[in-house]
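Both of the next two complexes hold chain A, though its partner changes from chain B to chain C.
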Partner chain A sequence: MITPPPNYPTFPGESPEPPPPELGRGRFRLALARLRLALRSFKNGWAIFLESRIGLLSLATIVIFALMAISHPILMATVWDAGTYDPVTGYAFDQIEQPAPPSWRHPLGTDPLGRDVLSQLLSSTRSEFILGLTAALVTVSIATTVGAVAAYYGGLVDAFFMRLADLIIALPAISLLIVLSALFRLNFFHLALIIGVLGGFGGTAIILKSQALSIKVKPYIEAARVAGGSQFHIILVHIIPNLLPLSLLYMMFTVTGAIFAEAILSFLGLLDVRMSWGIMIHTANTGGYLLGGTRYWWLILPAGASITLLCSAFYLGGRALDEVVNPRLRRQYD
Partner chain B sequence: MTGYLVRRGGQIVLTLFLIVTLTFFLVQAQPGDYAAFYAFNPDLPAEVREQIRATFGLDKPLWQQYLIHLKNTFTGNFGVSFGHFPRPVIEVLAERVPRTAVLFLTATVASFYTGFLLGKAIAWRRGGLLEYTATISGATLFTVFTPAFALMMIWVFAFKLGWFPVGKFLDPLVWRSAEVSANYVFGFMLLTAAAFTVFAFLALFVFRRAGRLGKGSLALPVILAGGLAIPLIWAFSGIGGLALDILKHMVLPIATLTLISFAGTMLLTRNSMLETVREDYVMAARAKGLPEKLVRDRHAARNALLPVVTSLVYSLIFAIDGSVIIEGIFSWPGTGMTLLQAVRTEDLPLVMGAMVFIGLFALIAHMIVDVLYVYLDPRIRYQ
Partner chain C sequence: MENSGQGPARRDYLVAVEGLTKHFPVTRSLFRKPAGFVHAVDDVSFQLERGESLGLVGESGCGKTTVGKLLVKLLEPTAGGISFHFPDSAAGGAAGPVDAAAIKGRQMRAFRRQVQMIFQDPYESMTPRRTIYDTIAEPLAVQGIGDVLDRVGRVTDILTLVGLTPAATFLFRHPHELSGGQRQRVAIARALVIGPSFVVADEPTSMLDVSSRTGIMSLMQELAGNLGIAYLYVTHDLAVARYMCHRIAVMYLGKIVELAETEELLGNPLHPYTRALLSAVPVADPDYRREPPDIRGDVTAPVDPPPRCRFYDRCPRATTFCRDNPHPPTEEKAPGHWVACYEV
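Entry: the complex of A and B
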């Protein structure tokens, strides 16, 4: 592999600074052309994405869950009164025994503490989305930066970050989180941050770095360097934007991991979280309703199915996106 | 190869050192004073307290404590467990590590094999019903909420159908009159399993060599005969019933762990197969008229195996984490359940010890995968 020196020598009399970019019309037209290109590649990608039925199905699932997340505050503001339907403090006075089976007033019944299961489910959807997306954003920003920097500079920087990533991959994350939650009080935000940092410096960084390596040897990087682009400029304007499609893909996988980890830890009762899908199953479990099997299905099925559905939707959506980003996986037509 | 192994061994020691450091400083950074909590525990008699203070240097500054902790860890002295009071951590763990190893190893091998076979099949016939069913059910099992799924397995197979016991490692009613300990029987079971694996590999190897002379069909009958001999030997050993009891308790956790972890391998194999199928040598193999099955198994799948083995590390970690959860649900007394219990009861020495052992598991598994990779890919000979 050709590794050009990071800085070409500058000759006397030659300005090491690049000329200031042309302002006004030229720049505007450049932006417009870029936008058109991006739109076209988005259209192509979208067409490929539409071909995979699994991808569409998972997209639909994610949209449904997003609508559920939005619907909770609306319902709370209009139809549901806080005293009965609050996911944490509410109590269904209209039911004689708790947990009550589904009825018109409580479409998914109530939990052992008399709280409405549907309200819990909807309010948890929102926090799961926030958790997943925060973790994914943290992961992807760290991993993209680390990948681009490690690929561009190589040498010691590269060795350091890749050994660190190897180390993190070898750590069993759930076990580590269990230990952490024993020692500290973790809430949603801490959890998202920890998962994001572990993912960002771990496996995702390696994958993005290998992608960045193949970008680094492209002619336009060379051209940018010859034109006098600074290292910062090349990494920020030329390498990172080309990493973004792959980053987006790994965002999807991180969301799955984060929601899953949260559910496990909440189920074990180790998180400082008021309501989540994991907590719902935890409540049913500590009350001894889980081995009742199908009799108390509304205590476990909605939350359990939501975890599985949303996780697999993000996972399968990621895989469908993989076919868009990675042309080698596409179906052959010969 | 030897040099490579030595280097990898060195890396493992380094990583283990980092894990120990991490757990030590995490415990130090937690709110509350670990040292005081440990040494001033009113349940401990005064002389034990003094002994602990001396062993762990709790009256010394932090950096000295750290050095003492390192020395203690690498000499196998993890302190005394709070929860299992007079027993040292290492003794608790030594009893439980083999159980986790069996759960984890069996499930990993089974899920890898299932995943590879299925992935191979669905990549070969794209777009069929099998692909959709396998992908969706695989991804569902992969992302299913593990505790709920495990509880469902218990409910269906143990509670409703009654085929297997509900959980735990053994049935006290069977063991009440037993003269040997559970670990004694379990050790012999491990030996048997190891001996049978070696025997099966040897038989395969010998008969594959002989197969070139035209006597290949004997391998399977010989292995089957060996497999049938095992129950016979156990039946006459006198502890066969006890072994059977442990075996019955093993089935459900192993099956659950296998089911949740085969999909990762399956989906990876599929992707990797889709890439190899386009290679020229596959077309060449087809062009010379080899049967489809041969092209798939010998030409495409063999090469598609490599990237799958590379990312086996991920699935191993997934399986280790999965086994922690599965052990918790099935009350399987292994390292994972020890970790969970210790975390719940704030048994910090046991938490640190169990975490070190789980890390060690991950690292050794990692190394085995690397060595396997060198064996599988002759192009790679680590210098």
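Entry: the complex of A and C
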């Protein structure tokens, strides 16, 4: 059994009682103190985020879309019967003409194949979220690692990753995706991976590397070296945590890019997915309703508006987050 | 190791620096050969005893910080050697002198336990997102010393030692919540927590207000006395060096031009550069009429300097002998008083 040193610290808000002798409690207290700190810094950041109206608005939009995504399976299980309301195989037998305009039974009407548009919209929301967030996560994990490693080691490693990034930026991403989807059957997950890898080794890596470069020359990196920290330790403990705020920001921007890319590919009919906002517009287009002006608005508007709203919400949310992360952008009150 | 530097090799030395040289290439563009070399440190030799503090004084850009970084192996020297003679009780202690160039891999850890550094800027020398506990415990954590409880205890001890009390209230703060003086105390705590025998202090007080400066200085002196730590104290302020150091070395453009016991150097400066430095020290007397310092021109850039005396262009006593001969060797002009000048 390990006995604690006599001058065992008491953490803020605790009475100076003799410490319990077992080690587990000490770890627990340390973890608790860290948790409190994390909570506090989150609260501070949250307060700054709340000051920005755009941030709040975009957060509200994202929450609404998230609720929409959740609501679809619930509605399918309770109110909607699968035969009529399934987003892919359903058929609205209650309507004489397809596409039918909005009615009480079909709030957003039906599409040319007799499927409920609202059901399609809601079921797509979930996959858009999964696609966007997966792509963003992949992008950010790759870009943060690549950026930190390239900046820290410099030289050949840096040259390799940066030339790779230049190459990827020079490639027109959408055309590349079109070629890839013509060669392989791409589903949501594949698409998320491809977008993630392209973003992660591409532009985002360059931005995070430039940030890492400015961190690398700080005296605290030298201090960590003097403390005896290995290169791995320095990258993991000193460089990457300082990159994370910026990473989070670019995560938000990547979500936008991923949803856009999906919409374009689906519209061109190149993705192997059951339903998405892009496919909804694709269906309207193949039926010849896209150029029909505003008469068949319910075929285009819900999906189009959703794409626009969710993308701008993530983008503007990112901008608001930027203010939290980057104090220089904050408005000065004096 | 050949002994051409400051005095006979003392048996009890802790650090012996011999012909230490660091040249930085000046590159105009990638892929092209360097356009020249900055002679940041050029053939510097000195020795440091256990528990002794040596002040390294000079203008900005004279290479004093580079000497500090070479000593803690943040930089590798272009030429010359550093030899450490740690106490035998040192962790992983190989008896006898250790050549710094040979320290690699596993030995590096043992080396880091003996040699630490205090950085100039207390605002930038701590990772902003880590707590004071994380910062101070880092040397212990990366060296795998003790368990979590043990480290909390040691960090608390050292916080009390550097005067941040009650220590528990400082453990889980972030650097930005502390004042400059408090941060510098944390920086000192981080350097000392692992129990080094040699600390390079790179102008630890230059970024602080005058009010907190004396506090830090007396703290460091007290710790040096109590813990028997040897300091290399890098500073541009002769008054600080006088207060802190047993001996002072004056550097000019990468060369040590004069080295002596503190009072000897200040009372009997021999090198013209040291005299000019001393005559520039402010005097607390409004009626005092300053003699213009006996020095000409400005510091020249140390890019590929001519082989003659580095101080030639500014020296009031320069002769044709100085112009035609290489940089003067360091000679003992009085007991323990080393000067590099032909005209003394």
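Throughout what follows, the second predicted complex is superposed on the first by the 292 of 334 C-alpha atoms of A that agree within 3 Å, B and C clash if a C-alpha of one lies under 4 Å from a C-alpha of the other, contacts with A are read in each partner's own complex, and residues count from 1 in each chain.
One rule holds in what follows: a residue touches a chain if its C-beta (ideal position, glycine included) is under 8 Å from a C-beta of that chain, and two chains touch if they have at least 3 such contacts.
Keep in mind the model is a prediction, meaning the values are calculated, not measured.
When the two structures are aligned on the shared chain, A:Gly203 is found in touch with chain B, with no touch to chain C.
Once the two complexes are laid over each other on the shared chain, residue contacts for A:Pro99 go to neither chain B nor chain C.
When both complexes are overlaid on chain A, the residue A:Ile178 reaches chain B alone and has no touch with chain C.
In the superposed model, more residues of chain A are touched by B than by the other of chain B and chain C. In the superposition on chain A, A:Arg225 makes contact with chain C only, not with chain B.
In the superposition on chain A, A:Gly55 makes contact with neither chain B nor chain C.
Of the two partner chains, neither chain B nor chain C is touched by A:Gly147. Contacts of A:Thr308 after superposition: chain B is touched, whereas chain C is not reached.
Interface of chain C with chain A (complex): residues 69, 72, 74, 108-109, 112-113, 115-117, 119-121, 124-131, 138-139, 142-143, 147-150, 152-154, 156-157, 160, 167-169, 171-172, 174, 187, 190-191, 194. Partner chain C is touched in their complex by these residues of chain A: 2, 4-5, 7-12, 23, 26-27, 30, 33-34, 36-37, 218-220, 222-230, 233, 237-238, 241-242. The touching residues of chain A, when paired with chain B in their complex, are 53-54, 167, 169-176, 178-184, 203, 256, 260, 263-264, 267-268, 270, 277, 281, 285, 290-291, 293, 300, 304, 307-308, 311-312, 315-316, 319, 322, 328-329, 331-332. Across the complex, chain B meets chain A through its residues 15, 18-19, 23, 26-27, 29-31, 126-127, 132, 135-136, 139-140, 142-148, 151, 154-155, 159-160, 267, 271, 274-275, 278, 313-314, 317, 320-321, 324-325, 328, 336, 339-340, 342-344, 346, 351, 355, 358-359, 361-363, 366.
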